[in-house]
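The letters A, B, C and D name the chains in turn, as written, and every chain counts its residues from 1.
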Amino acid sequence: MYSFTNDYSEGTHPRILAALSESNLQQNIGYGQDIYCAKAMDTLKKKIGHDNIDIHFLVGGTQTNLIAISAFLRPHEAAIAADTGHILVHETGAIEATGHKAISVHTTDGKLTAELINSVLQAHTDEHMVKPKLVYISDSTEIGSIYTKTELKSLSRFCREKNLILFLDGARLGSALCSSENDLQLSDLAELTDAFYIGGTKNGALFGEALVICNDSLKEDFRFHIKQKGAMLAKGWLLGIQFFELFKDDLYFELAAHANKMANILKKNITELGYKFSSNSPSNQLFPIFPNKIIDELEENYSFNRCEKVDDKNSCIRLVTSWATKEDAVLDFIKALKKLTV
Amino acid sequence: MYSFTNDYSEGTHPRILAALSESNLQQNIGYGQDIYCAKAMDTLKKKIGHDNIDIHFLVGGTQTNLIAISAFLRPHEAAIAADTGHILVHETGAIEATGHKAISVHTTDGKLTAELINSVLQAHTDEHMVKPKLVYISDSTEIGSIYTKTELKSLSRFCREKNLILFLDGARLGSALCSSENDLQLSDLAELTDAFYIGGTKNGALFGEALVICNDSLKEDFRFHIKQKGAMLAKGWLLGIQFFELFKDDLYFELAAHANKMANILKKNITELGYKFSSNSPSNQLFPIFPNKIIDELEENYSFNRCEKVDDKNSCIRLVTSWATKEDAVLDFIKALKKLTV
Amino acid sequence: MYSFTNDYSEGTHPRILAALSESNLQQNIGYGQDIYCAKAMDTLKKKIGHDNIDIHFLVGGTQTNLIAISAFLRPHEAAIAADTGHILVHETGAIEATGHKAISVHTTDGKLTAELINSVLQAHTDEHMVKPKLVYISDSTEIGSIYTKTELKSLSRFCREKNLILFLDGARLGSALCSSENDLQLSDLAELTDAFYIGGTKNGALFGEALVICNDSLKEDFRFHIKQKGAMLAKGWLLGIQFFELFKDDLYFELAAHANKMANILKKNITELGYKFSSNSPSNQLFPIFPNKIIDELEENYSFNRCEKVDDKNSCIRLVTSWATKEDAVLDFIKALKKLTV
Amino acid sequence: MYSFTNDYSEGTHPRILAALSESNLQQNIGYGQDIYCAKAMDTLKKKIGHDNIDIHFLVGGTQTNLIAISAFLRPHEAAIAADTGHILVHETGAIEATGHKAISVHTTDGKLTAELINSVLQAHTDEHMVKPKLVYISDSTEIGSIYTKTELKSLSRFCREKNLILFLDGARLGSALCSSENDLQLSDLAELTDAFYIGGTKNGALFGEALVICNDSLKEDFRFHIKQKGAMLAKGWLLGIQFFELFKDDLYFELAAHANKMANILKKNITELGYKFSSNSPSNQLFPIFPNKIIDELEENYSFNRCEKVDDKNSCIRLVTSWATKEDAVLDFIKALKKLTV
């Protein structure tokens, strides 16, 4: 049984494990105030090309989203997200649990636009409704699509014009930035968003997300929010060590490139076999549509998520590749699919 | 300028004012533990025909919704509502501010059905999503429609089967129960819902809603929630006096019947003039569609809300009648409309 | 049975009732955007002697406290209050329910000082603890004491120095300002606090508190918070009418002066009979200490709250006078007490 | 520089690191539904000697406290804790941020008793105050003291009598259970509390706490709360592996015994040198009182926390030993102290 269920099925890249092992019995200061976190922050600032940013290392994605959004908003303010957005679908109402409405916007490709956001603003006219204030986007999105520089610039311009906070969930930012269709860089994110995070959990870390706060007005007292939400890791250096390893030599991008390469092999072959996809993904999540009976047979040797039914006979599944995906497993999967396709 | 903007544009029915005046200088115990509240509760229990219910008098509708829903739910549980539902549209995220997601369901008539709710249940599969637990309905709905006994029975059966709490917002319950199309009675509500409220603010009271909790498991400690949310009126007897006056001689139903009668005159005449309505309302809110230029002219002498644009030339407006609506004003409005229609 | 239980045992002053009656059948715009609220705000601004303030009319005290405090604070910030403070003792955790810790400071007289607050600041050293940000005081306090101008100035200076918000709960502000020991005026409050409220419920209104926001940075979007917490009264003009009546001719101060006069009669006579008080109150709440058996006998004809036991034989009770307290009742009470005293 | 600052200054015990390394590249199911978590739960159930318990692995202590307490309580219910309790002092208002008041009770030894809790119950008389519902205790406490079986039984009996939830924070449970003064076992905790947790972070794990829910009525839907609060670790097996290693061969107790042994050496020698302690601790946290100038000199080679000043010349410090504390470092510290003592 080989798993394409997600990109966090294995532990961590051996170089990260080695670094954790090497420092294991050293004494460190707690709560992220150690030298490893300091080094990781320095390194990240250089990679991002901006110094006037605050970086906080957190354990997971839902945690990062809920802390950032609740710290950034006043009680009557709401987040806007695509209807596929993680905060709307798979976080058990974590945003609402901090008191804020998350407004759903229907999209076909998982991406928000100035026009879509504007329609939300138009509909919220007075104090009998929440005040839309934060725009939540994901790159790559939950259905695999990615933002172009032009799109992100346009969104950013609109948000600044309307005094909206632009927050980018980068749980799968590595795969987005290493996609063949990408033209964004980390420095662009720092310039175009108010805050974003660089996902580690889904790109080779044991766990960890690096939240980058770019907008000065959002920086104050942020560590209080981390602690209050139970997210301040006692042995914070574990995060620092991991992010230092990921970024000191571009390991982060190598790992994401591998995940994308594996996805591209799948995509190319699945396409050649005549199958369609429910979304156009240039990143490490693919959503092919197969006949149900083929899916049943594939499930005997592979694990993956079934998404929605397309019609009575066909369904969409999700295949996720990662830094750890073995090329052999991908080729075997294709071989099996070919055999079933006839 | 005559207002059809809403059903809470005037003070209170003269009999209620008289009762408030008469008792004005008496000393009473505070916080709803006075004899007037006791009398009002007794009277209501008789009208409802059930004794095993708890009644709490609150000041307003949003307040009642947020206290009831937050008292009834555990943190991970969510409310389901029609997309026109007041809690989703016009309460500034009051439910989310208590930590709970409100799940929106698209309907054409403002009413939920077992089928619609079931689709929400199907979509919420595990602990990565909120747990749908409370069904919020309004009668009459925000677009004027009302539930039939058959519909409410079916909803109730489904909710009990699925262990869902059925909560009915009765801000405009008077108009619903007095509609010519209605076949529900207060006793039905007590049998079919877990909790509901009888709106006073929109039917002749200065202010006040009577929340009725039918399900024993939802009753415990409810007064703590009222106080915690800042809703325990110091001079609670003001609510008791009003509800006693409204129900001791069926004044409540007389007032609602008047509002409906005024709406019926409007509806009949508007229909005869060839206009359509954006929703089919047998209650005291009407949503006629008029040419924009006619709306502009009507606005010189009448106030009302403009709803959405129907097309470039036509828009929908909302006309609300009430216990205080004068028949002369209604007839004048029709005369004016006729003149503009030609 | 005559009640000295509190200052909200009767309805409203006849002039207010008359004003409410007179306007009863007029049509008004809802939610506090009517002409009466506008007039009341104008009048209050003149009485306060400041124009650059925002005024919001709310229904009750707990409601006002929770909305103001939750609107003013970010999630990690806390309120500081004397251990007798209403938000700590009698609001069912309303502040905590909005997510904020209320820090208790022990005082002997119900009043905070710069020194007491500073000890809280000293104890809160880093992000592992909440950030004390808002200072909650009451005038008069829950045990009847009042602030002098010197005391309030000193507090105000300290709060500004430390970047703390100073919020004054004026549920019984009338009695404080009309106390013979008072040297504060409304204009002082506007200059020395960031926000305060003028209590109506306990000084002759049916209900209502006028929240005054002085600090510009706290004003933005305040009406959203009112609505979100279920506190935006549909028939908002009811509040406007009441506050206009209370302030157009200084009725507010006349009523408070009467309450104080009645308290003074009680205080003088109780003192002359040789009894002590558990707190030194120059306002309309008195806390005399009587033998338990005298309290038992008084309770046959008078209602009041029993506070704590002083020793095995003596207890403290609370006597509250109001705008509606009858001098005859006060004299009768004294007569009864004299008789019991021997 | 050697650190006695806390018991989470080093990584993890080598056996745990080895287990993590060994399984590193295996594929696992996410979110704690893997075979390692299952094995760890089985092992723990056997060690605890009870099968009818639910176990959830979480990342940190504040996280565990806030999720458990907010999941267990209704909105109006409050927690009671000793004034030294972690939830009151060092969690940035995490409990209040979930909407619940934490009531502080002054103790001299960090431990709650039936009598102390009863005084809280007596003071909370009606719906104008929160309803005390959960008793939060720590073993060992924040000042090093531990509960005896008699004490815990008495507390448990009282809580059941009063329908209170008894929750035990076991961040340092290892040290408590391995103290020479302890007579409690894990099975006792399962019988006497409604829920407790076994701390891993402070006893040799990289991170991790095992929450044990004993009371059936608190078990339902608990995983929803974990996810909603951002605490469901994607690679959940990391927690399972660690707890399996800690408990399969009693490593957990060996590590705690070592920490205690190191503390005992310190305690014995400090005592012999004539110094006093601010609290009587039989566990791995010691609070000796030293002259300030000795503390200054010690700080040149050792790090530790300074607690409160005792008088002008003396202060209390906190020395914490752990599974990783080296006996040589302890002996060096004592040598240095002797030298400074003269």
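The rule is short, and it goes like this: contacts are C-beta pairs under 8 Å (C-beta built on N, C-alpha and C of every residue); 3 or more make two chains touch, one makes a residue touch a chain.
None of the values given here were measured: they were computed from a predicted structure.
Enquirer: Would you mind telling me which chain pair, A-D or A-C, is linked by more contacting C-beta pairs?
Expert: A-D
Enquirer: Taking each chain's centre as the mean of its CA atoms, which one is most distant from subunit A?
Expert: Ranked by distance of C-alpha centres from subunit A, the top chain is C.
Enquirer: Need the CA-centroid distance for the pair subunit A / subunit C, whole Å please.
Expert: Each chain's C-alpha centroid was found; their separation is 50 Å.
Enquirer: Taking each chain's centre as the mean position of its Cα atoms, how many Å separate subunit A from subunit D?
Expert: Computed value for the inter-centroid distance: 34 Å.
Enquirer: Return the residues of subunit D touching two or more other chains; collapse runs of consecutive numbers into ranges.
Expert: 75-76, 91-93, 97-99, 127-128, 130, 224, 227-228, 232
Enquirer: Touching subunit B in the complex: which residues of subunit A?
Expert: Residue positions touching the partner: 75-76, 78, 89-93, 96-102, 104, 127-130.
Enquirer: If we count contacts the way the header does, which residues on subunit D are in touch with subunit B in the complex?
Expert: The contact residues of subunit D facing subunit B are 70-71, 74-76, 98-99, 127-128, 130-131, 221, 223-228, 232.
Enquirer: List the residues on subunit C that touch subunit B in their complex, please.
Expert: Touching subunit B: residues 2-3, 5-6, 8-12, 14, 17, 20-21, 23-30, 59-67, 91-94, 97, 201-202, 206-207, 224, 227-235, 238, 324 of subunit C.
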